[in-house]
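One structure is given below, encoded as structure tokens.
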Amino acid sequence: MTLVLEAAVLGVLTGGVYALMASGLTLIFGVMRIINVGHGALVVLGAYLSFAASRSLHIDPFLTLVITMPVMFLLGMVLQIVFIRPLKTDREALSVLVTYALALGIEGLLGYFFTANYTQLQAWYDTASFPIGSFRITYVYVFGFALCLAILAVMFLVLYRTTFGASIRATMLNRTAAQLIGIDVDRVSAVAFGIGMATAAAGGVVFGITTAFNPGSHYDLISRLLTIIVLGGLGSLRGAIVAALIMLVSEDITAVLISPVWANFVFFVILVGVLLIRPQGLYGVRVRDRL
Amino acid sequence: GGSTTPTAPAAPITIGVSVSQTGDFSGDGKALVQGYDLWAQDINAKGGLNGHKVTMKYVDDTSSAQQVVTNYQNLITVDKVALVFGPFSSLLTIPASTVVARYNYAFPEPAGGGPHVFDRGLTNVFFVQPAAVEDNLVSYTKYLLSLPAGQRPASAAYATQDDPFTQPQVDKAKSLLEAGGIKTSYYKVYPAETTDFTPIALAVANSQADAVILGTQLPDAVAFPKTFVQQHYNPKTIIETTGPDQGAVFSGKLGANTDGIMVPAGWTPDAKAYGNDKFVSEFIAKYGGTSADISADAAEAYSVGQVVDQAAVKANSIDNAKLISTLHNGSYNTIQGPMSFDATGKPVGGVGVYIEQWQSGKAIFVYPATVASAPPEYPKKSWQ
Amino acid sequence: MRLLRQANNLKVSGIVVLFAIALALPAISPDPATTNIAVFTMMYIGLATAWNIMGGYTGYISLGHAGFFGFGSYTLGLLLAHLGIKAGYTPFLFVPLAGLATAVLALAIGWFALRTRAATFVIVTIAFMFMLQLLAENLVGLTGGGGGLSFPVPPWGGDYFNTPYYYAMLALATLGLAISWRIRRSKFGLGLLAIRDDEDKALAVGVPTRAFKLTAFVVSATLVGMIGGVYGYYVTYIYPQFVVDPLIGISMVLMVFLGGLGTISGPVLGALILEPAQLWLAYNFGASRLYLVMYAAVFLGVILLLPRGIVPSLVELVERWRARTGPSASAPSKAVAP
Amino acid sequence: MGAFLELVGVRAGYGGGDILQGLDLSVEEGSLTCIVGPNGAGKSTVLRVVSGLLRPTAGTVQFRGESLAGRSPRAILGRGIVQVPQERSLFPTMTVWENVRLGAFTVHDRSLVAKRMAAVCETFPIVAERRHEPAASLSGGQQKIVEFARALMLDPSLLILDEPSMGLDPKTRSLVFNTVRDMNKAGRTLLLVEQNARSGLGIATHGVVMETGRVRLQGPGQEVLDNPEIGRLYLGATA
Amino acid sequence: MEGSHRAFGVRAIQGGGAVSLLQIDNLSKRFGGVVAVDDCSLAVAPGSITGLIGPNGSGKTTVFNLVTGFIRKDTGSVSFNSKSIDGLGPDRIYGLGIGRTFQLARIFPRLTAVENMLVPVRRKGLRALFSRADWGHEKARAMEMLEFLEISHVANSLGGALSYGQRKLLELGAVMMAEPQLVLLDEPAGGVNPALLERIGDRIRRLNDRGITFLLVEHNMSFVMNLCSEVVVLYRGRPIATGAPEAVRKDPTVLDAYLGA
């Protein structure tokens, strides 16, 4: 029983890391109706940037966010302007292709500069832990979880409490109408993509500390992140968090109770079950469609 | 070796290899290339393979079966390479070996030792490692069971990827240890795609077993000890099938906490095997770093070259058919020790696999005593 | 009118010539390196065409078709193993059985998955694919698990070896194209396109959307399953992670997008370009480690230059050019359809 | 100096040939101009050209003597031209309140926004009644009202309405038409497209009849209304 | 043969005149706090052209959605031809002979105008389903209808490239061509040129003469008054007046609630 409890606690903590990574993905979808299959690669890129920065500047990985988040933000704007903006028709479908190609490109470049060997970010808190009963919790998960909550809170406030946030949401819902009320839809889209990438950078740090990664790690990552945001409801930040927790907790408990080889399976069963009942996901809204 | 080579200048040849530069196996692919390149440099320095200057041609298989099949067909039929060497992992070696067999090429390979490599009825495969994969942990079990009854671990926990490379080793070790009276307190197989190993590591820690035997690749080889450190769990002995043998790539992530971790290894920089000193010094000269940075993959690749070199000399030919029949007979010296091959290409009569242990930041041979540079540290010290 | 008929004749004769070339290919260029690439290219022509029947016509993007591919592979492999079929030509006769089994599976999966739409459907298909992969890995007693499954190895020599597989793939691709073409022109196909455009409206005008979608899904999966069977026999040894490979699923989708979603010739063109390019780039530039970057660049280039896929973009270009130079700059033109 | 808004020789289309084929149109300052014409004549296309959603391939578009051609919709809005398009233009999952509020996206003076909000709520009670509900949950006519209300959040110098009466019940329609007329009386310039041609021309100071991408007739509203041929072709029998 | 490809052969009107074609009993639907349809009962007589009018938000479109199975009702029942159609999906209901249009025109944007016209045409049997989509006579009828609606010049344009009014016409044409037994039109006049609208009215009347029943929602009063034989006024989800157009028009409650002074 304690094992199950521990697994649940651990699931919640690692779930926070995934929630952070998934939130950027769901944000980009929410704002741009783009399934950014390159998001996993962006997280890995973020992890590598932090790796390089903490190596060369000898600073704490979390501190590198001061550098990597703005860098990734700018990079995101550039990528959006160069590769996504030119898509005039069929944006939703084509952007899958474009972002997939971006992922391949990023994987290739990372392989070129960092080799394909596994790397991991290091900090004192990646093995240090504190006891809770018989169980020990590692600091990095707590920090990661806190970072996740902080970033999500900021994002939530920006999106739902500022005019700029409203303009982002408006752009996603109806481009033409947004243009007609004076929103610079191009700029807004670029900024939103930049924000999504900046969160990928934040996710990358925590991911990089808790997991060994190499340039090819993004395939696994993106399939997990996509399932999370769909379970949570596309475009919903709250959904991304809850779904990430469900995913990790259910997997960890299955691993303990049944067997790790069935952990993913159980999660997929949950996913399919939920979607059969609520096709829009846990917190997704079904937009009433012109009836 | 091969000091009696007749050195009539002969046409240069190309040796083709498909390696994973991208995808799942890309990390190991790079080490293979280093080993092969170093061998090619050596062989050319002494006049070539039977007098043929050697060029290596590498092509990427993106860690996919489809590409590896394509690559060997292309290497053989388009590039008309004289010889082919093996790729990384059993997964790719098997589809590749059927293609190579179709063209009657010899297929010496450094990394495809999984069980099904040898049961496909092929006669051209030669696995250049001291023992077939499933026997990798046998000497470790011998060592544990040789301990005095009072010190011997009472219980063992096992966890392994469901990978055709790791799981057979762990399963064999488990049956041998159980037969020897060591109780199994935990056994779990986990998927190869797992990225979060913590729950399994926690379960292992919770079992409080004296011995921990893990069927790992690199990422989990690091993740398990990390969790043990976090949880302050100190088993008496830990062995991992792969990972700790990869030098700095491994230790870089665990720091001082590598100490005491064991790994089965066919090769170590310190082994007094045939040509090993030269290999190590040249490797460092060519690629930099220290001996600890050398991956066993590279040494295995280098051994493939050594075996082929000796076979070519012996057959006095680099013709594939002759090489195949020659390789099935006799013994060959490598930096992993002497070895020979049975009809299916499985290594036989070799010295078996040694045990390497990290001590004071270096991986050294500790068992068997004949090759050991220090006694095993047992029980392992507490984490720092 | 006459012009139209002439254009039609041109099209028909073009198809005949292309098919003749495809038939004669092993004779024209018998070296194994070429036929090997031809086997895989033909395989992807079939896969992309099959995928397009679902994804292109109904707009339901399945990224999980690799699941059917792997399922077909495993079904054929297990059939051959349990029935003790010897290597040679007989295993090809069992391919339709693999297709049948895949059809049954697709019916079950489709029944669930097709309750969802759009992005959710995409993810559900991915989830089902991973479930299949996990089953192949975990049901060790049945499939051999991570250790893989062996097919009998035909005794054919290196120079001839690829040829039977090539024809098997060609046959399946041709079958796929015939079905795709027939559907595209039929009332049923029109219903599928209506679903793609506006599913609720389609319901309102009496299109039984569920039955239609499910039919398209099963047809598409069946073809993919059969192709998977031949693939398994070709590479002679399969692992869960190699046949239920998300990248195979993604590749077929990319080819369709590249060539032109919902067109008949688009998937063929996409496969003809992408598969050899990928095999060739990996082979020639793989060692430089920049192969992925180049592949991505080729890809991005094509998308940015021909954003709607090659076929529709070219059709549009031609139409525009006609509108500009033609005698009557009249009604905006119809695009799509090859 | 030319008219308030002046289009000369405008050609524009959607890629497959020109829809507008050399269109000339001028809108006087302070006028209420109403464009009528058969379906597909190009009325909405003209409006799209003016608001910058569509780039003309030839001809000039001038507003207060300044060229608009090639400017972004945002820049054009900045010059005081606001358009309510014909098709649904609300943000469906955002609340009614947010939708209306966004009408004043370019206004940074909070108190001004609040004042206009209040005024709009007074004229169109539905905005306040359903303020917290997503716009998509409104009925067709209610949505149209909210769109109109949103346009009033700016104080445009030229307000362009594409079929403002579509979907409105008779009471609401007269409310909208009255509002339009009052705005015009207060000096604002308006440009409408109406299929409800008689009512539209009835309140208009200027009428424009369009046909296949060209202006067929232009003149005072009443004159167009009384033209028998136009009546037969485009206005239908008298209501 | 001719009849078999027709979407819906025009069936004989059953029984005596008293039986209604569409019978709605005590229908209710609420969305959160909004009661869109409130215990609404109404009947459409076979062979009639019935107008359903009422202020914005009175629940007209919701009634259509409930009848055609697009949304689930809270309570009440709907029967068509004296058979309950509760719980059936929209495609089944269409199959029984109820066609509809949408208030905001909905067409298939990536199908051509002609193809848009062909989708609703029903065929019998699987063979027909898998045979060519554009049978000559179906296409000819489609072209004739496009001609009538004055949009034949865009017959081969994609639906997405039509003007709003053209879409409206296309949708109307498609459902009229399919000739279901009962046609529900949601604001057919919205956005349609008035001159053309008059001829559409004539066409509806002619179809009606051939036995097709219409229920239409419209705010264009002259259109309703000229065309309808019966008018139902909906207010806050309930019918407040029913009867001949002239009578309804003078009804003080209707004047107050809907038409305005």
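Letters A, B, C, D and E name the chains as they come in the text, with residue numbers starting at 1 for each one.
Methods note: contacts are C-beta pairs under 8 Å (C-beta built on N, C-alpha and C of every residue); 3 or more make two chains touch, one makes a residue touch a chain.
This one's a predicted model, so the numbers in the text were calculated from it and none came from an experiment.
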item: Pair of chains joined by more contacts [C-beta pairs], A-D or D-E; value: D-E
item: Remotest chain, chain C as reference, centres from CA atoms; value: D
item: Rounded Å distance between chain B and chain C, as computed from the means of their C-alpha atoms; value: 39
item: Where chain A and chain E are represented by their mean Cα positions, the distance between them in whole Å; value: 47
item: Euclidean distance of C-alpha centroids - chain A vs chain B, Å; value: 36
item: Distance from chain C to chain A - Cα centre to Cα centre, in angstrom; value: 31
item: Where chain B touches two or more other chains at once, by residue number; value: 21-22, 162, 191, 193
item: Sequence positions of chain E contacting 2 or more other chains; value: 61, 70, 102, 104, 106, 154, 161
item: Numbers and ranges of chain D residues touching at least 2 other chains; value: 14, 16, 88, 137
item: Partner chain C, residues of chain E touching it in the complex; value: 68, 70, 89-91, 94-95, 99-100, 102, 106-112, 115, 118-120, 122-123, 128-133, 153-154, 156-159, 161, 174-175, 178
item: Residues of chain E that touch chain D when the two form their complex; value: 31-32, 34, 54-58, 61-62, 103-104, 150-151, 154, 161-166, 168-169, 187, 190-198, 219-222, 258-260
item: Touch list for chain A against partner chain B, complex; value: 2-3, 6-7, 10-11, 14, 107-108, 111, 115-120, 122, 126-129, 136, 138, 210-212, 214-217, 220-221, 224, 248, 251-252, 255-256, 259-261, 263-264
item: Contact set on chain C toward chain B in their complex; value: 31-33, 36-37, 40, 134, 137-138, 145-148, 150, 153, 156-158, 161, 234-239, 241-242, 245, 247, 279, 282-287, 289, 291-292
item: For the chain A and chain C complex, residues of the former touching the latter; value: 29, 35, 83, 86-90, 93-94, 96-98, 100-102, 104-105, 107-109, 111-112, 219, 223, 226-227, 230, 234, 261-262, 264-265, 268-269, 271-272, 275-276, 279-281, 289, 291
